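What follows are several structures.
Consider the two complexes below, in which chain A is the common component and chain B and chain C are the respective partners.
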Partner chain A sequence: MINRRHFLTTVAIGTASAAALSACGNGSSSSGQTGSAEKPVTINYTWWGNDDRAERTRKAIALFESKNPDIKVNGNFTDFAGYWQKRATEAAGGGLPDVMQWDLSYLRDYGQRNQLLDLGTVKINTDAFEKSLLPSGQIKGKTYGIPTSTNAFAVYYDPAKLAPLGIAEPDGSWSYKEFNDFLTQVGTKSNGALYGGTDYTGVWWMFNIWLRQNKIEAFTSDGKLGFSKDDLKKWWNLTGSLRGTNAIIPEDRVTQLAPKSPFGSNATATEVTWDNFMAGYLGDSGAKELKLVPVPSDDPDNLGLFLKPSMLMVASAKTKFKDAAARFIDFMVNDPEVGQIFKTSRGVPASKTQRDGTTFEGTDKLVVDYEKSIEKYLKDAPEPPIVGFGTLEASFKRIASDLNYGKLTVDGATDAWFKEAEDLIKQNS
Partner chain B sequence: MTQSPTLSRRPASSGSPLPRKKRQRGTDARAGYTFLLPWLLGFIALTVGPMISSLYLSFTNYNLFEPPKWIGLDNYTTLFQDERFLQSVGVTVGYVVFGTPLKLAAALAVAMLLNSKRRGQGFYRSAFYAPSLIGASVSIAIVWKAMFGDSGPVDQGLSFFGINLGGWVGNPSMTMPMFILLTVWQFGAPMVIFLAGLKQIPGELYEAASMDGAGPVRKFFNITWPMLSPVIFFNLLMETIHAFQIFASAYIISNGEGGPAGSTLFYTLYLYLRGFSDFRMGYASAMAWLLVIVVGIITLIFFRTSKSWVHYSGDSK
Partner chain C sequence: MTTTASPTHAPTDTAAPVYNPKSESVGVKRAKSAIFHAAALILTAIVLYPGLWMIASSFKPNSEIGGQNTSLWSNNFSFDNFVTAMDGIGGVSTLQFFTNSLILALGAVVGTILSASVSAYAFARINFPGRSLFFGMMIATLLLPFHVVIIPQYIIFQQLGLVDTYVPLLIGKFLAGDAFFVFLMVQFMRGLPAELDEAARIDGAGHARIFGSIMLPLMKPALISTSIFSFIWSWNDFLGPLLYLNTPEKYPLPLALRLFVDQTQSSDYGAMIAMSVLALLPVLIFFLIFQRYIVEGVSTQGLKG
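After this line comes the complex of A and B, so read on.
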């Protein structure tokens, strides 16, 4: 017979011993629980990307599991926008996956708020990394992310689209005026059948590069804005005379084509963006060949370019499997066979071991060659952007889009963006 | 019920039957609540609880990671200086004011057509109701996006008649008509209710009116409208509340951004973006409570004004 008192005592003892046991479990080793080949531990890994990346990631995971029989990896992926909403809810509930693919924009949001594991406390080999690259994954001396690969800004163009218009291929040493003239030429000669490009002033990172060309950092080290309203007005006025002409694709077309890019949809002759989008653009547009040249600059010696980690690997601060997580991250960033699987689809491998172990051919070689060609112009990667940067980047794009719709003037757009940015910085400080 | 006259005649002091009945009523109530328990537990844990905590959060600055910080009414006062918020209010009010009456008109018109005796009415009823069954789904929003896009069927159809609007999806002044068409097309639920209401109107009324020489317009305004007014009121109320809550289709058609140029930034979409993209849960909670209060006030106004135009059977008016 179970009477009330008996029942309560049993429950109390049970709970107490469970608590004691789990305390032992946590305390017994600093590297967390480990598995064995007979009883492997399972870690969760999540990433954003398309089907192509999912296929490559599955291959990499299978390889990892065959080399590490004591660890199983449970993979899961979504698209980029949904990715961050999911992570936010998981973090609020305390259930972030053990290992995650990460973006620089969100490193501070989570790192500074103690959601990510300090990877300096576990064993990950970073000897093969450029020393200038690692700080982009660090905040206040703690390493929250290890870059998998690098990317740099570039101007894409399709030579097959320029030839019939009788326009010479650009060599990539151009001022903003020359670049604008080029866009106008495409729009005029094609009579609007092909637009010059997308309005590049709507791209946050291009603005960041332009600021650096003018020796301005976008953010100060104490998390404030490093540029003035006048800087932003000057920037948005750069393409002022191009908006509404065939040099720039109208905004309603951009909206219609989304989520595909105008360049990937063959609506424009150029695109200014990260060089690791190559594979995606080739797939979307069906073009035979795409080429990369450096971004415009009014100072030919200072292109403002830098290598940014195209993505980072991070671990949850609450993971129970620190050791397994560290081994998986180490494998993903350093193993040459992983490089062979991903090629440049994540960007150019950041670890020299992985880079040297990968054979690059065709378009992959183009991306690697491009990053080599700009080597002499490269500056240090910027520090992880401020908390809430993801929001700022999105509102930059949105407000620039309103500008192209003619809903805002340059002055109005500048005021609107500064208001949102200042409000956000105040919120998070 | 048959017993009650005898019971009431008994003097209260005699006692025994009344307590027994009371006791029985008590057990009935207990049984009732026991059966209700699963629903009640769910309601308290999943609806009331979160609502109360969101009320608390609406007075705080909460970013999901750090404990909420109390800031009093700040969220509510900032709302009215937030241009995006005001824009979202404008978009939503426009949608409710134009979309709801048009939807109800369509529902009533189709219900009246389906009310007449004709062969195959059963088939037509199902056919007209079908869009509402699938209308709220994600797939329909995707289909509409394709239909109203550049060189989609709508664009091509209109250019056949010489109207060249281009795609509606990317044109800020055409997105609202597109959303209104989408909601009007989903008239099925109110239509079924209208149809049931129309069937309740006695045929003699129309017969008598015909004898007196009343035409169809006269019959509609003097018989159908007043006789149907409770049903119209119910539909108007439900559809208005519903319209304020539009989210899924807006999220999908605008890629979750409320574009182009903020023309589809519906209230709930902005609330969602504030909460889950910007991590400003306190702000989002304040928005949610403001919506609850405003919808409550509108419902109250509807009920107050209903006395002058809604006629219930048995009313002396």
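After this line comes the complex of A and C, so read on.
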């Protein structure tokens, strides 16, 4: 019931905002109103996240206000799903908050509709950022988002689960065959009590990394698919012999365990995903310690890895306080004290000034050390994903799970996904 | 069937082979009733299981909720989740969320009762020009999906500067915006005998007097079912507050509940479930107090409408 209602809402908001958005957009270029210590200006800042983030953000805002007495920041927050419903409505009504926490997958959508401020026109210091990272906040030469923090892909494993099985801990330099053998070993030695992992070929970003390892682009610069059906078939066939064995957790078990992940429920020994999920996995599984190693690659010099902005800071195109908004964004991404407040809860700080000014301990250190260890393999971050990317990613996962259910063959799955992808790209171009 | 009046019949009472249609039908009835109750109990258990699961989970540590943990029982039962839940979110106390929800829900009840009953009186008893046209228009709003009007409504309230106040959430209730309740009351009033207000009119009562002294007291069942529904709907409303409220201090419970689950970070299912249990209490109490009227309210409309 909730799904249907949620769907209807999204559709209604989406359609209406699409219509309304095309009518909006302006080109004013003044730096906006400024305040003074006696008469401060008030900007609105909004973010998604839980209690923990609300607490940390409050501290950061208090710090900002004490350093900038001429600006007051009004903070408000919702959960991730509600966040985008609210933003769509506000965009249509012309009431977007001045500064917003942003997700990469929504950047192109709002940027192309002129809802976001070109941050290249205001003063934000980006000297301390990796040059390979900034393009992920840019569309057609305009900077719409500044990354606050980064995440990278990794293989998680729980050492406490491997020891009793007598399996050596992986060191992270492995080919796909070695990785598959590892998964099989876990499944066989535990007699099915513990699965090796989830089927990693169902994860879009892992496919993206594999494409990079083979020097193939996922999307061409004009927004088309850069790989062929044969590539996708090859990818889905990688785990062909593992499906249905104890190496990979069966799809019906995955569904039963939802909303928790198989790894978070202690049903698998490994998981391939973003490195900033660490805290969530630790909390869900109750494990003492989890470790991170790089993803497998058949070319040990090209792991295909990259840093992706785990979130960005953007400003509304209609903000009356461009200068204040810019100062707040600059503070949130660069200030070392802000780094101390957030640690890695937003991801690893993207700005070197902020990263160096933060002391990392325990879990935080693990994630930071991992990103440091893969530094020499890192390539350019991808551009903001095409409009409708979320749908593509979801259908990739859905079709891959049908593959695991045995409802589709690899050939059938490939045809099904290509059809959906091509339709979607045609609609949005 | 006393033994003194017919002693010869006494043995037949205990002798089974003698055919006695009455006693067999009692036996069959008993068996049927036992089967019925057993089936009803099983069904109740199935229906109540999610509730039981929720209550059990609210006492468990986060890592033992969901996933591979299928058992209701845990060795680590504690009140920690309730402590976390009562701690509030981002500096806003949980009591504040409760108060906000209560203000919205009671506001909705008062507004709906006042406005819907007056509008219903007009539709049911006053013969004004265009009555059926307006009645039709009101019914038509029932068919209009809420989602169609979200954006236009938001723009209006945004232009009026009323976003981040409770006005957008309550004004509709005070202006009989819930056509369903108006319709419910119109149907109920149409079932009341017209002779009553004719008699009152002969005694010199105007519309205000007829409405206040004759109609309102008779409409009690309808008013109560309206209160229950509008209380529960407002208490559970998520989308309205999500769109119109910006300040966390003004959030009602459904918004706060969602903040415990963050798929992009870590989710505290335990605290969320504990808070859900707490959030259910007022609705449950409200329902228990008024539930005998709700059946009355619905069934009398069925009879008289």
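The rule is simple: the second predicted complex is superposed on the first by the 391 of 429 C-alpha atoms of A that agree within 3 Å, B and C clash if a C-alpha of one lies under 4 Å from a C-alpha of the other, contacts with A are read in each partner's own complex, and residues count from 1 in each chain.
Operating definition for what follows: a contact is a pair of C-beta atoms (placed from the backbone, for glycine too) under 8 Å apart; a residue touches a chain by one contact, two chains touch by 3 or more.
Keep in mind it's a predicted model, so treat the numbers as computed, not measured.
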Touched partner set for A:Asp109, first chain B, second chain C, both or neither: first
Greater residue coverage of chain A in the superposed arrangement, chain B or chain C: C
Touched partner set for A:Pro69, first chain B, second chain C, both or neither: neither
First, second, both or neither for A:Gln427, with chain B first and chain C second: first
Partner chain in contact with A:Asp402 - chain B first, chain C second, else both or neither: first
Touching partner for A:Gly95 - first (chain B), second (chain C), both, neither: second
Which of chain B and chain C A:Ser265 touches, first, second, both or neither: second
Which superposed partner A:Gly388 touches (first chain B, second chain C, both, neither): first
Touched partner set for A:Val254, first chain B, second chain C, both or neither: first
Partner chain in contact with A:Trp84 - chain B first, chain C second, else both or neither: first
Interface residues of chain A shared between complexes with chain B and chain C: 81, 85, 89, 92, 259
In the complex, chain B residues that touch chain A: 61, 63-66, 83, 149-150, 166-167, 169-172, 255-257, 259-262, 276-280
Sites on chain C touched by chain A in the complex: 61-64, 66-69, 89-91, 145, 147-148, 150-151, 154-155, 158, 163, 238-239, 242-243, 246-248, 255, 258-268
Contacting residues of chain A [partner chain B, same complex]: 81, 84-85, 88-89, 91-92, 109-110, 113-115, 251-256, 258-259, 388, 390-391, 394, 398, 401-402, 405, 407, 416, 424, 427-428
Residues on chain A engaged by chain C in the complex (per definition of touch): 8-9, 11-13, 16-17, 20, 44, 46, 48-55, 57-58, 74-82, 85-86, 89-90, 92-95, 97, 257, 259-260, 264-267, 279-280, 282-286, 345
